[in-house]
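Next up: some structures, all given as structure tokens.
Same chain, two partners: chain A is paired with chain B first, then with chain C.
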Partner chain A sequence: MEHQSAVLSANYGWILLALLGVIWVALGVYWGRKAKSMEGFMLAGRNVGLALGAATAMATWVTSNTTMLAPQFAYELGIWGMIAYSTAAFGLLLFAPLAKRIRQLMPHGFTSGDFIRLRYGRTAWYVFLAISIFYGFTWLISMGMAGGILLNALAGIPYQVGMSVILLVCVIYTLFGGLYAVIGTDFIQSLIILIGIVIVGVGVLSFVDFEQSYTHLISERPMLINVLLPAAVMAIFNNLLFGIGEIFHSNVWWSRAFAMRQDVGKKAYMLAGFFWLPVPIAAGFIALTSGALGINVTSPDMVGPLVAASVLGKIGAIVVFIVAFSSLASSIDSLLAATSDLITEDIYRKILNPKASEQTLRRASAYIIIGLGVLAWLICLPRIGTLGTVLFFAGPMVGSTIWPIATGLFWKKASTTGALWGMLSGSILGLIAYFELGWYTASLIGAATSMVVVVIATAFSKSRFDWVKLDEAHPETTGGSTS
Partner chain B sequence: MKYSHLTLIVLLVLGIAPSVAAAQQSADLQKLDRLPAPRFDIPLENQTSSGSVKLVWDSDYDIDTTRVAHRIFELQESADSLFVTANTRYKGPDLASYISGLPDGTFYYRVREIRPSGYASDWSPVVQVHVEHHSLQLAYTLFGIGGTVFLLTVGVVLLGVRRTSREQQQKQG
Partner chain C sequence: MTLFPESFFAILITGALILTGIGALTLLILLVRDFARKKVW
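So, the complex of A and B:
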């Protein structure tokens, strides 16, 4: 066991954990009462406005990845790492016009899987589902792990216990409230995150001696301020493309695009992107001061919370605890909801039980949320790697979906062959890069390979897709069957 | 006379009892301070192309932690295997340290345990970390590829939006 000195007493940790857990579950159950139908449960009645839309997108993107992985990037890859992480904002900004397009083309759509199935056919759909569910799962695991790591680092609560409690709380309120609960809690969580980050940022800035930090970096970690650190140079576009791939393909973002009102999606995603952009720079910067402050880091994903809590003392540790718990919960709930929607709609209803009634679907959805939580918990129990290595393992697959999605939405000539082989070849070559070169190259190679394949296949394609085919009737919205 | 005997006994008890206790405490401390050297839980030779390495160590010394409140480990780094000039990278109770930002070269690490009384164990076996960053040529190539993919992706989205909105306007017009 790699003992790491805790900042808060375990008693404080338990009290905070219990308080936050009860609050989120209560709010989730309260908002969930609105979810009368399956469409309400999955898509919050397709009536989400600008404030809630922007808040849920921002809060979901400020995940453990931002509060914990951005500092890890800075700690391992230096200044470029910090900037590289903030480039993930381009994912939100570029998805803004896609959200509008998606809502126009698929007014009755439910999942990102619907789009791939209708646009490229069943074989590409199967590959896409495998990629998307695998990615959703690695993200869920990385956040369950982050919860355990965080509570352990801040309050000395055993990793397994902290991880279990966070997963349990999120499973309970997602189970009761669906997307209503997720979006409602996201709104409050996004406010907490923004206020908390400002408090931590101001506190750290007033405490840290810049000159001392710079001198320490020069003497002890010179490569972190070297603009030509090769791994960091490679990581810049890798992270950017990973972020774009995550948002372009994942049902977490598609379900929000379907849930927002017609003209809201584009503005909401743009706002969320601009609000999110400075967060990883603020979170990443503090990691670079850890050496000068004499803080030992046993695992790089703990550096952010450790520095903030150490510098700001007990109050700071409590703020960090609340912010990190909120950012984790806002992402875990979204992921549980979106992945269970994908499995319920695309696998259970479309493949296994096309004639399922609404009640049966609600029940199936509940079992799937619980199953996802239990499976994630089992995989999180042995701490299998750092957040970066776990999450970026899905990078090649995620990167390979960018071009099939983007061209599928705008190019009539984009073909099934290109999409299918783009995803397959991008995933395979990206995985080879992951093991041969490092995790900081895998998404980039996956995206580049997929792009080349999609472009070549499109050049030779004779198909002309009819956009009307994407407007599929759905039993939930039409009262009929689509099978 | 009787009084002086009693005084003598009292003086002896007062003098001997603390010295016996002191001797016991000293033996206890000596026992505590016979520290085996900690050992690294990673291979003795390591390579990295990112300039980061995680050093993990442990000690076989199993003690009652209520008697010895703090375990202190000292981790040293040196550019030479004999540690002629060494730099203390960490001193504290943790059992690991993640080092990042190392330049090209070979670095050596060793760790020892120090008791609050000042007694220190021997140094652990030395761990060697060889840092050889990826070539800049490879980094620039991947940077260029990544930049191209990104710009083309932006192009697909922006041109697509422009074309579809023009098509919509034509339909409405």
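So, the complex of A and C:
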């Protein structure tokens, strides 16, 4: 059955779905031939250059939320809504110096879990793994569900089919190509996303100018251009901290820091942040033209595709479909790769089977990628809408990791006590704030609590960490043994 | 109610579109440069 707001016929939807699926799998398998060792599979040989490095960071951070939810943010929260969304770019910008530091301190590192274990010990590592895997998996589920819902909404493709296809395609090419496939496809996907957004934006502006849109907003919805819109201003701080927490702790970003060449990480993350910054505004503003264009928006979450299709016709709808599919794939593949790396390296190799050979690890990694895909598919299958909101529970948890990560990389005095209690107290108080005060305070409370605990613990700390301890030998890369 | 002026509205959106386009162009230029230096992977 076709979705009531479908902007593309189902036939076109099926053709595009098949075409994009085949292209991504073929490219993934092609690039995957380079992954001859475990290090190649997990970290693309640690030789990723600036172009691919910047593109993969940018594309991964452009999720389907960015391209589809940004117009909804603009439609409901106006100019401040778009700016609030843009602040998520600060996560990438602030991670840039960390990426350089990570590569310097941990030339043989594999995961963000490696850092926490070596820096703060096993108890903090267990807490961190619980937060990080919960976050990674809930993000994966939310992307899988978003994929099914979006393809259904855009082209009337049944939810279960769309969700299954996008998960299957990403599992296949990640399975064959590891990070090589993920980064290679991310480059093409980032170009598609950026160019697609510009095409739609310029197309819309050729039909309605700024004066018409602005005049209509003044007369019909002046709140959207109000300089002081309190809800949107609150959303800025929450979005900013959630974004920083997501990027600082997640293995999605650490694996890229390990994968980039020695001198590339900082520049790549800076460029990715600058390229990402305008995307929510460029993708979102078209919602503010809907009134001037006389488009009746019945469902705010579909305002972007509706405007694009109304103004640019079939071409606009096709561009939106391709951009949405690329946004989804660039995030799902990264999540599959980074979460499976975390489970393979931190749980399987470090806890369950420390003597595993490279072949065994590679096999385990493949099973874990398939397992993650199947589990995400099973949870997404019933289309329980409220599951999508589970990702927001992760907000205070990831917010509580910001300070342990940042101080742990730069302050010798940063202590295990501060990191452990910072993560625990920040998560607990942040979750209480989520339920008692509102979602928009959760990350703020989680990060602030963690900051206070980490700073106080550091002030009273007598420990002086020896940075050399972070350079852990890895049997697969050095032939030595691990500590 | 204080409203954002129309000029800000126009500059914000035009700037965002231009910067997005520059982003795509920069990625392509960087890829060509990395190819020339054999530093793509």
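Points worth noting:
Here is the rule we go by: the second predicted complex is superposed on the first by the 428 of 483 C-alpha atoms of A that agree within 3 Å, B and C clash if a C-alpha of one lies under 4 Å from a C-alpha of the other, contacts with A are read in each partner's own complex, and residues count from 1 in each chain.
Going forward, contacts are C-beta pairs under 8 Å (C-beta built on N, C-alpha and C of every residue); 3 or more make two chains touch, one makes a residue touch a chain.
All values reported here derive from a predicted model rather than from experimental measurement.
Legend: residue contacts after superposition of the two complexes on their common chain; A:N296 is shown touching chain B, with no touch to chain C.
In the superposition on chain A, contact is made by A:L98 with chain B only, not with chain C. Shared-chain residue A:L228: touches chain B and chain C both.
In the superposed model, A:I281 makes contact with chain C only, not with chain B.
By the document's definition of touching, neither partner reaches A:N353: not chain B, not chain C. Of the two partner chains, chain B is the only one touched by A:E76; chain C is not. Residue contacts after overlaying the shared chain place A:L191 against chain C, while chain B stays out of touching range. Judged by the document's definition of touching, chain A residues 222-223, 226, 228 lie at the interface with chain B and also at the interface with chain C. Interface residues of chain A facing chain C in the complex, by the touch rule stated above, are 34, 44-45, 47-52, 54-55, 58, 79, 82, 180, 187, 190-191, 194-195, 197-198, 201-202, 205, 210-211, 213-214, 218, 222-223, 225-228, 261, 271, 274-275, 277-279, 281-282, 285.
Contacts from chain C toward chain A in the complex involve residues 1-4, 6, 8-10, 12-13, 15-17, 19-21, 23-24, 26-28, 30-31, 33-34, 37, 39-41. Interface residues of chain B, counted against chain A in their complex, comprise 49-52, 54, 56, 87, 89-90, 92-98, 100-103, 133-136, 138-140, 142-143, 145-150, 152-154, 156-161, 163-164. Those residues of chain A that touch chain B in the shared complex are 1-5, 75-78, 90, 94, 97-98, 101, 217, 220-224, 226, 228-231, 233-234, 236-238, 240-241, 244, 296-300, 402-403, 406-407, 409-411, 437-438, 440-441, 444-445, 447-448, 451.
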